[in-house]
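Below you'll find the structures, each written out as structure tokens.
Presented sequentially are two complexes of chain A, the first with chain B as partner and the second with chain C.
Here is the complex of A and B:
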């Protein structure tokens, strides 16, 4: 879709404006954490454990007396870093392979698609869980495990789009004019499949945030004391009865981020890809 | 139909083969020497190199991977998935003991899902664009955006901590099932409501609905007799994906509520690096998922002949 038209639709949609506003506020708070809070998220103060929200600590302190507000802001840096890295890597790898595989076809395509079938034969989170578990905890391993399990969905999407575009007359024409295959893929195929892939990327971003924090929540992602939304939730569970804020706050940050992304993704789908089926976006 | 069914079954066979290869491969890509890990479980931490070598010879780790794989698969065909590296219990019987729990949880969650999402989805579609529709859409988006571990903890806080009316963990009577089943059911219902809604909107725009209206049928008959049947068909195709969602969700929800299903077994085994147990869980979950998906494809093709022609199987 034309950029200017897209912009107009964007400015005319209250949902899109509110959602992107929420996302921007969230992203700003997370990125500008050192400007917003003067507390160090790793600063332990055992004399001031599990304190209630007050003028000194905006959201109170955790089980080691660390400032909860500072931790949730810095924690967001890790969560968002993971989600963005994973979604874009999976998107780039999957799209490239899907385009090439769909365009050239042949044995390579068959092999790749069967591999994708097998990868997608497991519920996403389970494969990611096992790979992360085998590689051991840590930021890099978490990113690797999630990327490994996320790219196949993009391959399938990019490939099926490519198969359709490939048959169109303008591709035939370009081919008969002896344009190189890679040129055709870049100039003709990619622009025609990119809309639905963008929608998928937006929806997937929300999904990756949930899965990444779920893995950390299960103890397989980022390890304490490093703050991260999922692992903060995990640490808060034993204090659910006495200090429920420790679980409410990081969860609420995940939730608000995911809601805004989903709202934006919904809007993007309605605009870019109106004929797509609801489920593709939801389950992607 | 037969040709289509055969194609699907060949694909199923292939996927099952792939799942065994992947599961087998994963365990062998794991860092560390498996012989050492097993010996450690068997003899404790002060090991002699001889003990490790003995385990290596017994387990056949010196053979090529293809020989090992064949041996592993032939045991598998006799439903023997080896023994836990930690508890020494048979993996097969441990998994068999856990499956009923996961089944009950998933089944209850599915009932909750359908009981809420079908009426809500229909109501939303029929009143498209009006207040009820907006409310349902907002609600489903909110519920779909809640991480299920957080939702579970919130429910625990409300019903177990504040109100004190429901148990928060473990398995027992029906009371133990309520919170985990709702946690799993609510997030699935959110997705399902949106599906039912869009399928219903699609169906309501068809000409046969207009015809039914012209015949003077009342709204209820149109929706239940003509609308729902046609709208549920596309919803059912996603039963396979729903199952994936259930199984994936079960891993998290079972852990939150200490519900002794296969998902919790998997997470616990990963924590203690019980490789043979992990292998067994992944295999069972993957195989169930694959078989159900192909089963859904076949059932759908049997109901709707159009599908047999345009699938690149």
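Here is the complex of A and C:
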């Protein structure tokens, strides 16, 4: 009944429908890039540099005569790959650590939480900058740097939820029935803390896209000629006045993706937050 | 051999107000098939006793004395022995069924879990759980519901089904009728009555509800401020209470005229040196305040009051 209700509320919300529709279209275009455009994003054509949009090149070409539409689609593959990998890895690591830390407490909890405090004291982007700078640019290092900076937030969220849930009687009841700690964590604690973590994951996904793009923009992410939204933005900067499309197109893709994810995250938070149900019930 | 043997069990917790003596020198036995009631007012240490027998108290709890289940000492058990004890040896129905069920799990799954842990396949376990739930009075078409779709009485039935899942030797029911309306209460008591002395299973009923205890238990123990003050067969204790506290407790029932017992129990951090009930006692003598009275045994009855037991 939980799922059915969620579906009903989803279909009844224009925001959620539009946002997820936009995301789906975008994801499809990015995934099916080879079907949509016949151009190779790496194909240089110096005779046809910085051309305007036309029948041949849908969005024109960049400073090396590469098809901009093809580049933004293929670039999206990299951006979304980074964002999804980072968000899910940070989610998995952080949630596991937070559950264990909150459930067992003690020295493990103390040590881990002080470490998390330190990690969270630095702005994400600075820390990621330092890590990526130290390890050198590249796709793997970017993913690693972002994961390292993002998991501590999940630890905190999962831990605070666990601290509440583990005091509940049903956890004690489960303990009185010979269940092992890991079983209790997995089946009784995790489902009861996952709502807020899901919302956080959705919000974080948007955040990671922005930070990954920023790092690429600064030259610490994926290196040219491989297309990526952030590095495309950077490559377009010198031509801002003459060919604004070079920056506008990847910028618009980043913007639309992030806004859609955020709207979806907001919707998810409203749905999962018990207080918003009450408000709705009062209004209805 | 008795099923459960508790001797001189004391449980205390350190707190900012000093040591909390939740249980002090508690001794009693439960025979196989017997239903044993622990009666006392709120905060007297009944629930602590139940949890101590499953070692569910926080790590800060300090135990002395002995509590043996089927001859094995519970207080010295290691983690893996405790696992063996919990659920299969002793199972507990917690008070407040609303908080004791996982809100995000179908009730059938919460019962089935116990079987899965025994190595049973989920599908088989669900079938088994459905039968168990039917046995405690949950209709078959409701087993896939979530706890919030159940009434308090039905949730309590689910709790009982979970506790009975592994066929424990001793069932501890901690205030099973708390917060239930009259009819649901009667039904739960009837259910508990129908499952007792099944294959020699013992039942320990922890309650402040004298009527429930009287209707269900073979023997009763009355608890006051962490210690047992009277133990005897239900008929004797209810029909002819000896300890002043038991008398006052029985006198406060509506059918006996709602007689008020003045004052309140002493805080468990600052217990009086002499008899703990002394400040509220109508039989008080001068020497009551000096030494702690011992249990006096006479004709199958134990009473912790030398005054009323004097010939």
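Note that in this section the second predicted complex is superposed on the first by the 272 of 284 C-alpha atoms of A that agree within 3 Å, B and C clash if a C-alpha of one lies under 4 Å from a C-alpha of the other, contacts with A are read in each partner's own complex, and residues count from 1 in each chain.
Quick note on the criterion: a contact is a pair of C-beta atoms (placed from the backbone, for glycine too) under 8 Å apart; a residue touches a chain by one contact, two chains touch by 3 or more.
The shown structure was predicted, so the numbers you read here are calculated from the model rather than taken from an experiment.
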Could you classify chain B and chain C on chain A, in the superposed arrangement, as clash or fit? fit
Let me test your reading of the model: by the given contact rule, A:233 touches which partner, first (chain B), second (chain C), both or neither? first
Partner chain in contact with A:117 - chain B first, chain C second, else both or neither: first
When the two structures are overlaid on chain A, which partner does A:251 contact: first (chain B), second (chain C), both, or neither? first
According to the stated criteria, A:93 is in contact with first (chain B), second (chain C), both, or neither; which is it? neither
Partner chain in contact with A:130 - chain B first, chain C second, else both or neither: first
What is the contact status of A:27 with respect to chain B (first) and chain C (second): first, second, both, or neither? neither
What does the superposition give for the shortest Cα distance from chain B to chain C, in Å? 16
Within the complex, which stretch of chain C touches chain A? 54, 56, 83-84, 86-88, 91-92, 94, 96, 99-105, 113-114, 117, 146, 159, 162-163, 165-166
Quick one: in the complex, what on chain A touches chain B? 114-115, 117-119, 121-127, 129-131, 133-136, 206, 210, 213-214, 217-220, 233, 237, 240-241, 244, 247-248, 251, 254-255, 258-259, 262-263, 266, 277-279, 282-283
Using the touch rule from the top, collect the residues of chain B that touch chain A in their complex. 11, 14-15, 18-19, 21-22, 26-27, 29-31, 141-142, 144-150, 153-154, 156-157, 161, 191, 194-195, 197-198, 234, 238, 241, 244-245, 247-248, 251-252, 255, 266-267, 270-271, 273, 278, 282, 285-286, 289-290, 293
Residue positions on chain A within touch of chain C in the complex are 1-2, 168-170, 172-180, 183, 187-188, 191-192
